[in-house]
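Which chain is which? They are A, B and C, in the order written, and residues in each are numbered from 1.
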C-alpha cells in the first residue's frame, strides 16, 4: 500500500494482501477536478493496490464525491489520469468498478428481489455474482418480496449496497463507496465490514468517502481537505 | 442482448405498475380529440376532413407525456450511473428505453386511433390509414423526444423544455403522417409514397435519436 | 396505533357487506330476468326506431348510473374531507371505475344506437358529448388515484378534484347544451309526466333497478377489495419493519384482523 499525494496528505503504511495471482493496482496521477467554476483539487496522485483500501476524509465540498466519480469513470477529470492495472481490453473504468453513490437507485414499484435481479441482468450479467448471495450478504432475505417503496432509509441503503455482491472481486476489483455507512445501524455496519473484508481478502480494493471512522482493516487515509490546503499554501508561496 | 431485453422488461414493468405511461398518454390523446370539436363545431363533414390532422396533432402531443421522466427519473436516483457501469453501451440503454416508451405510448396511440377516428366521422379507409401511419411514424416521435429528454435529464424543470426542443423537430413526421392519411381517402398521390417517407424518417431518427441521446446522457454527471 | 384504529371501522363494514352481498346479487339477478324479459319480449318495437329501441334498456340505465356514481363520489368526497372517514375514501375510490364503466357502456350503446338512427356511429350531440366529458373527468380522477401511492394523501387530493368536478359538471352541461342543441328533449322525467308509453316504461324501470342493484354489488365488492388491498399494504410495511426489529407479534395479528 502506498499513498503519495501533495503536501499534507496523510500517509499510513499497511500490509499488502493479495490472493489474486495478478495483483491489481488502481493508480491516480496528477488529478485535477473543477466543478461549477471552482477548482476542487489539483495535483492529486495516489495508488491503491489489491487487498487494501483508502478512506477519503475532509470537510464538505472539498471534492470527495467528485473524486469518487472521477475514479468511477463517470466524471471527466480536468487533468490527470486514472488507471486500473492490469488493463483489460474493452473494459473501461465504469465496467471494472462498483460505485455506490450516496443516492439509492431504488424503484418503489419493484420488489427488492426484482430490483436486484434487474441490476444483475442489465449491469452485472455473467460477472459471477448472484441475487441470493447479495440478499444474504446484507441480511435482506426477509425483505426480498417487499416493494422498495415500503423500505426504511436504512433498508434502502442496504439494498443499495447489495449490488456489491452482484459482481465478483475479480471482475470488478475496485469498489467506490460514498458515505457507505450513512443510515446504517450497528448490525448493518458490521455486515458491510464483513463484505468489504471478503473483498479485500480476495484482492480487491476499496475507496470510501466518509465522515465517520469505518473501522475496517487495511485502510489508509487520504485527507483531501489537508491536501487542498497544502496545495493552496504552496501556490501562495510561489 | 439479454441486458437489453432485461432493461426493456424493467421499464415496461415500471410504467405498467406506476400510473402514467400507457394510460396517461391514451387519456390525453382522447382529450385532445374531444376538445377539437368544441373549438370548431360539431359539423361532421368538416371534422372528417380534418380528422387526420387532429389525430396526428393529438399523437404528437400525447407522445410528450412521460417523455420528461424517460431519463430524468434514472438520473435523479442514481440508476443512470449504474446503467453507465454495465457492458451494454449507452446507445443500447437509450434504444431499450425508447422501445419501452414506444410500446407503452406510441403503440397504444396507433391502436386506439381507429376508435377515436369514429368520433371524428372518419371513413374506414381513413381510420386504417391513420392507424398504419401512426404505427410507422410514432417511433420517430419517441426517438426525437428522447434527445430532448436526454438533454434535460439533469435539469429539474425539463418538462416544458422538452416540448419546446422536440416539437419543431417533429414537423416532418407530422407532415408525412397527415399526408399518408389524406392520400388513403383520395387525392393525387398514392398512399404508399408518404408512408414510405414516414418509414424512412423513423429509421433516420432512430439513428440520430439514439446517438444524440447517448451523447446527451454522457454529459449528465 | 392509528393504523389499527383506522381498520376498526372497516372491519364492521366487511362483515356486514359480506352478509348483504349474496342477497343483493340474487335480487339483482331476479330483476335482470324480469326486466330483460320485458325488454326483449313484452315491450313493443318503436314505431319510428324499430327493434333498435331495445338498446335503450341498457343505454338509459347506464347513463343514469354514470351520473349516480359521480354523485356518490361527491358525497364520499365530502365525507372524506370533512369527517376524515376512511370508509368514505374507500367508497370513493371503488366508485370511480364503476362510474367510468357505465359512462363507457352508455357511450358504446349510444354509438350502436346512433348508427341506424343517424347513419353514423357518433354525432356530437349534447347529451352524448356531456357523457364523454364525464368519462374524461372519471379518467382524470382514476389517474390521480393511481399516481399518489399513499392512500390517505391520494384520498384527500382526489376528494378535492371530485368536488371541483361536481361544481363544474352543471357548467359543462350548460355549455355543451348551448354549443349543440340538436338532440331530442328528455323524455322520461318531465314536469308534465313521461311521454314514453307504459309498455316500454315498466321494463325500463325494472332494468334500471336491476342495473342499480348490480352496480351496488360491484361497488361493495370494489370497496371490500380496496380494504383488503390497504390491509395488505399495511401488513407489508409492518413485515418490512419486522424483518429488522422484533415487533410484538400481537401488533401484527391485530392489524390483520
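Keep in mind that, in the parts below, contacts are C-beta pairs under 8 Å (C-beta built on N, C-alpha and C of every residue); 3 or more make two chains touch, one makes a residue touch a chain.
Treat the numbers as computed from the prediction; the structure is a model and nothing was measured.
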- [ ] Return the chain whose centre of C-alpha atoms lies at maximal distance from the corresponding centre of chain B.
- [x] A
Open item on the list: Please tell me whether A-C or A-B has the greater number of C-beta pairs in contact.
Closed with: A-B
- [ ] Starting from the mean Cα coordinates of chain B and chain C, work out the distance between those two points in Å.
- [x] 33
Task: Inter-centroid spacing, chain C versus chain A (mean Cα positions, whole Å) - done: 55
Task: Whole-Å gap separating chain A and chain B, where each centre is the average of the chain's CA atoms - done: 39
Task: In chain A, residues with contacts to at least two other chains - done: 108
Open item on the list: By the touch rule stated above, which residues of chain B touch at least two different other chains?
Closed with: 18
- [ ] Could you please specify the touching residues of chain A with respect to chain B in the complex?
- [x] 69, 72-76, 91, 94-95, 97-99, 101, 103-110, 114, 118-119, 121-125, 163
Open item on the list: Give the list of chain C residues in touch with chain B in this complex.
Closed with: 111, 120-125, 129, 132-133, 136, 139-140, 143, 145-147, 179-180, 182
Task: List of chain B residues in touch with chain C within their complex - done: 18-20, 23-24, 27, 30-31, 34, 37-38, 42, 44, 47, 118-119, 121
Task: Interfacial residue positions of chain C with respect to chain A in the complex - done: 149, 233, 236-237, 239-241, 243-244
- [ ] Report the residues of chain B in contact with chain A in the complex, numbered from low to high.
- [x] 2-3, 6-7, 10, 13-14, 17-18, 74, 76-79, 81-88, 221
